[in-house]
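Below is one structure, written out as structure tokens; comments come after it.
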Amino acid sequence: MNVVHHQERLVIETRGRGLTEVTGQVTAVVARSGVETGLAVVYCTHTSASLLIQENADPSASRDLVAWFERLAPDGDPRYTHTLEGEDDMPSHLRASVTRTSETIPVAAGRLVSGRWQGLFLFEHRTAPHGRTLVVHVHGEGQAHG
Amino acid sequence: MNVVHHQERLVIETRGRGLTEVTGQVTAVVARSGVETGLAVVYCTHTSASLLIQENADPSASRDLVAWFERLAPDGDPRYTHTLEGEDDMPSHLRASVTRTSETIPVAAGRLVSGRWQGLFLFEHRTAPHGRTLVVHVHGEGQAHG
Amino acid sequence: MNVVHHQERLVIETRGRGLTEVTGQVTAVVARSGVETGLAVVYCTHTSASLLIQENADPSASRDLVAWFERLAPDGDPRYTHTLEGEDDMPSHLRASVTRTSETIPVAAGRLVSGRWQGLFLFEHRTAPHGRTLVVHVHGEGQAHG
């Protein structure tokens, strides 16, 4: 066993505002890393999209969550001054500020330790579809694959 | 000195909604890891409980914090559609979404570097008591204990 | 190449409530660490100041963000009981609870992978200026500098 640091970039195409599950893609990076015991860090390189870990079983949870964020930081609030890119510009930054730019998940026996009902989601805050870049960094004890 | 990766699971019994301090249990894992300089990651394997680092001295801070989250994401809001497990189901996911699934704390001289007034808390969002699983992963330079 | 763990403390003087960009100071720690591929963790040792990654180009985004947090967790709300240090005491803890105590950013080719528009900010929540301590921990594959 030796210490492995493995890094990949993923580009995720979103369909506009809402959650896109990326658990499968990150799981595949962990498998390619060869890490047995360690950590997986997922980093979102944007300020109008973010990450969170949520219920992955029932789509009603995601719908309610997106609707709640729309009430928390509404589009087009006349108090916003940062409006260059439109009514959804500033609320996108606000929603990103209270969710995560990175998530860190331990790896055990070569797999993410996330709970049965946990999914890792990219949260697109803009109303238009975007290509979003995530950096996945996995490190720990393992066998570097050839 | 060599590179150590040390991982343990903790099960925390909560008493229903509110904060349970886990700083002591995590400090004990760091001590058992033998890591001198590195990082401790604490990961919560649930979507209706989460983590945060807060004032550990005055219980009034925790009370006000829990009360504020109850106003931010109220129980029983008629706009929720994800209500299978009751009035506290969806607000639990919402409160988890704006707090943390994981916290990362540097380790120096074999100890967490957290500030004097900082405690690490498990935040139970459901009204009923639950057993909650945390994965603690500590890595860095140290002496692996035999 | 060998595994490096490098840790430094930074003291940031804030000018009272608002955002102070610390990307430059953290970038300098990464350079001093000699890490080529790895992770940079920044940890804030306080409960009334926190971290977040936000738009770094347009000051209107920071102004709107600070104003939104003032609406989300207002100063002097009569429902607060934790008021020993004044009207801005409890809202500081609340604002810290929904932003970050730590941020983790991957390092590639010796540099932070943050996006073009991302800045790392220390968010001072108290109205008075404070000296705030950040612990920066960088680890990964690299050449330890002599």
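Each chain carries a letter (A, B and C) given by its place in the written order, and its residues are counted from 1.
In the analysis below, contacts are C-beta pairs under 8 Å (C-beta built on N, C-alpha and C of every residue); 3 or more make two chains touch, one makes a residue touch a chain.
Computed from a predicted structure; not experimentally measured.
Participant: So with touch defined the way it is at the top, what topology do the chains form here? Options are line, ring, star, complete, other.
Facilitator: The chain contacts form a complete graph, every chain touching every other.
Participant: What rotation angle, rounded to the nearest 5 degrees, superposes the C-alpha atoms of subunit B onto those of its identical copy subunit C?
Facilitator: 120
Participant: Can you check how far apart subunit A and subunit C are, centre to centre, with Cα atoms defining each centre and the answer in Å?
Facilitator: Centre separation, subunit A to subunit C: 20 Å.
Participant: Touching two or more other chains, which residues of subunit B qualify?
Facilitator: Within subunit B, residues 3, 72, 98, 100, 104 contact more than one other chain.
Participant: Flag every residue of subunit B that touches subunit C in the complex, lowest number first.
Facilitator: Residues of subunit B touching subunit C: 3, 37-39, 52-55, 58, 60-61, 63-65, 67-68, 72, 98-100, 103-106, 108, 113-115, 117-118, 140-141.
Participant: Could you pull out which subunit B residues touch subunit A in their complex?
Facilitator: Listed in rising order, the residues are 3, 5, 7, 41, 43, 45-47, 72-73, 79-82, 84, 90, 93-94, 96-98, 100-102, 104, 133, 135, 137, 139.
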